[in-house]
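Chains: A, B, C and D, in written order; residue numbering restarts at 1 for each.
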Amino acid sequence: MTDFAVTRREPSLGWWGMALFVAAEATLFGVLVATYFYLRFKNLEWPPQGIPEPKLGVPLVLLGVLLVTSVPMQLALRAANAHRLGAARLLLGLASIVQAGYFAMQVHEYAGDLGRFAPADHAYASIYYTLLGADHAHVALGLLLDLWLLAKLARGLTRYRLNALSAITFYWHAVNVLTIAVTLTILSPSL
Amino acid sequence: MSLRRLAFLQWFGLLAGGLTWFAAFLAGAGTSVALCNPASGRWGIPYDTVQAALLGLGGAVVLLAEAAAVAVFRATRTVAEQDPPPEGRLHFFAIGAMVGNLVFLVIIVLSAVATIVDRACHQA
Amino acid sequence: MPRAGLVTLTAAALVVAGCGSKQDALSPESGASRGIATLWWKMLVGSALGLGIVALILLAAWIRRNRAGVPGVREGDRVALGVVIGLGIVVPIAVLSGLFVFGNVFLIRKTTMPTAAAAVRDRPELTVRVVGHQFWWEVRYPGTPAVTANEIHIPVRTNVRVLVSTDDVIHSFWVPELNRKIDMIPEQTNQVLLYADRPGRYRGQCAEFCGLQHAHMGLYVFADPPAVFRRWLDGQSKPAPAAGSRLFVDKCGSCHTIRGTPATSRVGPDLTHVGSRTSLAALTIPNTPARLREWLRDPQRVKPGNQMPRVELTDAQIRRLVAYLEARR
Amino acid sequence: MRERVERLERIWVARPGVLGWLTTTDHKRIGLLYFWATLVFFGAGGVEALLLRTQLAQPNGDVLGPDTYDQLFTTHGLTMIFWFIIPMTTGAFGNYLIPLMIGARDMAFPRLNALSFWVFLASGIFLYVGLFLGFGPNAGWFDYVPLASRLYDPARNIEFYSLGLIFNGIASTLTAVNFIVTIFKLRAPGMSFNRIPLFCFAFLAASFGLLFALPALSADLILLFLDRNLGMHFFDPAHGGSTLLWQHLFWFFGHPEVYILIVPAFGIATEIIPALTQRKMIAFPLVAIAELLVVFIGFGVWAHHMFADGLPTTTLVFFAGATAMVVIPSTIQVFAWSSTIFTGLPRFKTPLLFIVGFILFFVIGGLTGVMFVAIPFTQQVTDTYFVVAHFHYIIFGAAVFPIFGGMYYWFPKLTGRMYFERPGQISFWIIFVGTNLLFFPMHIVGLLGMPRRVYTYPGGMGWTAYNAIESVGGFVTLAGILLLFGNLVVSYFRGAPAGPDPWHGPTLEWSVPSPPPEYNFAVVPTVSSAYPNWDEADREADRRRLAEGVGVLDDGHEQVVSTLVDGEAAEVVKMPHSSPWPVLLALCLSGMLAVLVVEKFAVAAFFAVLLALTLLGWHSTEPEAE
């Protein structure tokens, strides 16, 4: 360790790995959003007859709730950096509960939509369910990461776990931004 | 010029031109797709205005980036390619940026002019 | 029958003359194709120059191989850097910008339909509709009842607007001696200009991979003098005599049409005037009684994977069908 | 000094036997695994190509039926692109060499690296299982809908295509992430961005290309899978979908893909040229930026594959404009390479011969590519053999030639033995003549109107003689390739000892013994230029530091991490070393994707749970706790 003077603290290797993974995922979402609008350009009726326009209320409220969780995530990272393990666990746990609530509500909404129209009805329905499904899947993955990290943090803080926390916090920020894009795209016929 | 300022100019010169071209490219091509499709074709897109604006804005940013790259290049004239950072790196990226921005500018101009001149939704 | 005979005779003469069976982008027979071919020759010369310069540099290096020198490491010199900047940046930007403007602003107009105003002043127009199928071409002449397959007749020195679409997968309509190709896309109708300077038969072929028999999806364009074309179109517009063949209706009617008879299905080609065509199965075989018999016996052996199933027919039935079809001229 | 090296050897020692290979995370071993696996796929793709050429050797050939032909030409394209060139360059060359060139001991994520390989291998096996069951992909590598939709392709062929490529894409994405982080962060202190060897710039560019291009392909494949198996309508115009959507997404990936194939080959060329001319590359910064620029602009040209689609002209010109200017990075490099050879002290050994061949092929293929700037010309020749000629000049000439040259060039580094020079040069000439015979006449038949992807053609079209020559050329090429590998195999056993640095090479891999030890560098190397092996003072400093025990990092699997831009030492981290989890995870993933072919979604979910458990196991130990 003494052989190399540490000049500057930069993000860890794990954080970089996560950042690049997120870049690829963001491209995937970009492609799906482009698909949505490409199909929309071609269809005189969007959504087509027989499929209701998306309702604004619940999705926008849920989006707001999800965005707020970025705050406790970032605070958890700050607490962990300051070696306040208890606070970090608490904040992460709090964020996870809200995120889980968001996810449960979204699954409920998704199931409700499936009762009204099916993915096989029209290209509109296909991209609607695929885009939302991809977004929800990323939230679900984030929840699994939260759970794993909480389990790890239960047994103390190491540099490895701190790196994991910074990567997972970044992941959630990114998912939240992607969710804004997805939600606005999905709601665009009603905006 | 201070090192901080040179560093800013270097990154601006290296990244701004390319990102601007790609954004203008996606916006320009996307608008043309919108213009020529059944649903979006009825939205009354002011096509020539959009393309001229993209040409003007995009071209301006790329020119600024080119100017920044030239400024960094001139400020680091005496530095060799493989010299230690930050001066060596500033010089190195400035050379790359000068070429990159030139190419981006040509693409923006060629496609914007051609899309306005060849304004046909059907090639028959 | 004389007019159909005349057409067949013209075609036969062309085959004998040896200029029938090719689809050569470098033997243009229209302004559009000539423009493209001329550009090709110019680009070829330019390319030879470019390759020549690089090859010369490498050849010079080879001549200087193994020469003595400090086996160490030397910095780049200014001349070499000048070569990279000049030949690697400045010249190609200029040349490519020129090519871009010439090809995509000027030449592209030559390969497309003239604007409405120019057309009135200039030349008459005709519209033909071509629909791609696995693996044949349906040809319609809007405004007339004429429907044919795989062999398009157009009047010579006329701007023909070909509207192309597809009934199944993506195909590409391409007659290289007359113009560039155009894809047949399910969601839109595309168009391409056909124009022939001289009467003749021009071969074309499907250019987009469309399945098992993509290789056997050819077509002919016959460019005829306007009067001959007019007579041909009148003939093709007529229905067949009402007393059709019951055998045909029973065995073939579920897929094919012979106008004027109860056979009206549009799955396969319209056979009302099949006897006037020079080839069968999209140029897979010539239209002779012997080859038609072979085809009817087992289409899957002649063109494996095509959409026509093998129909159980006795030899006598095949003979009767062949006689009936060859008479549909 | 001796005991320090022995201590490093004890720390980094590999597990013996097959288990050692299955659990390895050593970038060199993974590189070799990639090398052997991709060679097998290269063989398969080559056999397919020769079968196709045999069928086309004469008109109305009846060696292959249309069904077999379609599966073979599709699989040939897929194999050569996804299972040969990309894994050969990034997987084999990149893995083996990049850590060595930047002075690192391994990749940034060694276990992820192993996972990439096993997933890649599984994807290839999966594709070929499909082919041998008679369900090889059969709609071309571009797989246009609606031909590839359930309606026109009802069997399972396309599932082997879509799932196989999703698999392969996962592996490539992981590799790309790994390379980027490795090149960003694991450079030896002193290697600032302007001192990164051009080889690494090339792989950085290719990795970014993969990272941003593959998601489009993955999305496209997922949508296709949903269309075919869940009745969705993305590509069905009758229900609001669009067939052009498939093409846009496919080529958004597909064109950058071309640059992803050739840019690593550029990197190989820019290594071999300085070594064999004993001269630094002319215009180093221009070449470095050109490698990045070509991939970047490559994202703006995709619709030139769709010029005949009937898209609006006003749209096409955007892509034509980028197509024109994407040439500039390549012209920069061509003149930089050729003038470096000219002004240097060239020794035309086999590797340099392959690079000269590569430059000529690349110029020819590039010039025919330049022609596609003119939209009407493209519309005339697209989907003909002219295009087949063009991209084979690029892919065989500009990607595979440097791969062959690189095999000769780094053979002494990998094996410690020299190859035989004379047979090497003969193999070059045979391959050079063979490939020109094989591909040049394709230009002509294309202009004479021969379309692509036809399983046969009639006589009397003026195509017959050219096709016969092409087929002969195919077998000549085969002979040259057999000689090449024969030479390497014999040299492996009988070649003269090569020593650590037979070429007086410019980069750090030549500063270590051949083959390199498990830990690569006994001491973290000192770097002060992009040609560190030529900086004698630095190498002397390394020897001194090893004697003094400074910078050895022998407290476990240690690795120094540097700052991103200027390559200053930032911290020392512990790297994971040999793990069973990657191969287990790859097995779970393979199981999951394989059962999707038969739409067993419940079984797939079971495998997904297994996969999550494997991930838990993977992360149960922390490197610092070793």
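Before moving on, here are some points about what is shown:
In this text, contacts are C-beta pairs under 8 Å (C-beta built on N, C-alpha and C of every residue); 3 or more make two chains touch, one makes a residue touch a chain.
On a predicted model such as this, the values are computed, not experimentally measured, just so you know.
Of the two chain pairs examined here, C-D and A-B, it is C-D that is joined by more C-beta pairs in contact. Mean C-alpha position of subunit C lies 37 Å from that of subunit D.
Each chain gets a centre from the mean of its Cα atoms; for subunit A and subunit D, those two points are 32 Å apart. Subunit A and subunit C have CA centres that are 51 Å apart. Across the assembly, subunit D contributes residues 242, 284, 286, 310, 313, 316-317, 320-321, 324-325, 328, 332 that each touch 2 or more other chains. Counting partners per residue, subunit A has 38, 42-43 as the residues that reach two or more other chains.
The residues of subunit B that reach two or more other chains are 33, 99, 103, 106, 110, 114, 118, 120, 122-123, listed in rising order. If each chain is drawn as a node and touching chains are joined, the picture fits none of the line, ring, star or complete shapes.
All chain pairs that count as touching, in label order, are A-B, A-D, B-C, B-D, C-D. Of all the residues in subunit A, the ones that touch subunit D in their complex are 1, 3-10, 13, 16-17, 20-21, 23-25, 27-28, 30-32, 35, 38-39, 42-43, 48, 119-127, 130, 144, 148, 158-161.
Those residues of subunit D whose C-beta lies close enough to touch subunit C in the complex are 65-67, 70, 139-140, 144, 146-147, 152, 237, 242-244, 278-284, 286, 308-310, 313, 316-317, 320-321, 324-325, 327-328, 331-336, 338-348, 356, 359-360, 363-364, 367-368, 370-371, 373-377, 379-384, 447-449, 451-458, 460-462, 504, 531, 534. Note for the complex: subunit B touches subunit A at residues 33-34, 37-40. For subunit D in complex with subunit A, the residues that touch the partner chain are 108-109, 112, 173, 176-178, 180-181, 184-185, 189, 211-212, 214-216, 218-219, 222-223, 226-227, 230-234, 236, 239-242, 245, 248-249, 252, 524, 550-553, 560-561, 563-564, 568-573, 612, 616, 619, 622-625. On subunit B, the positions that touch subunit C within their shared complex are 99, 102-103, 106, 110, 114, 117-118, 120, 122-124.
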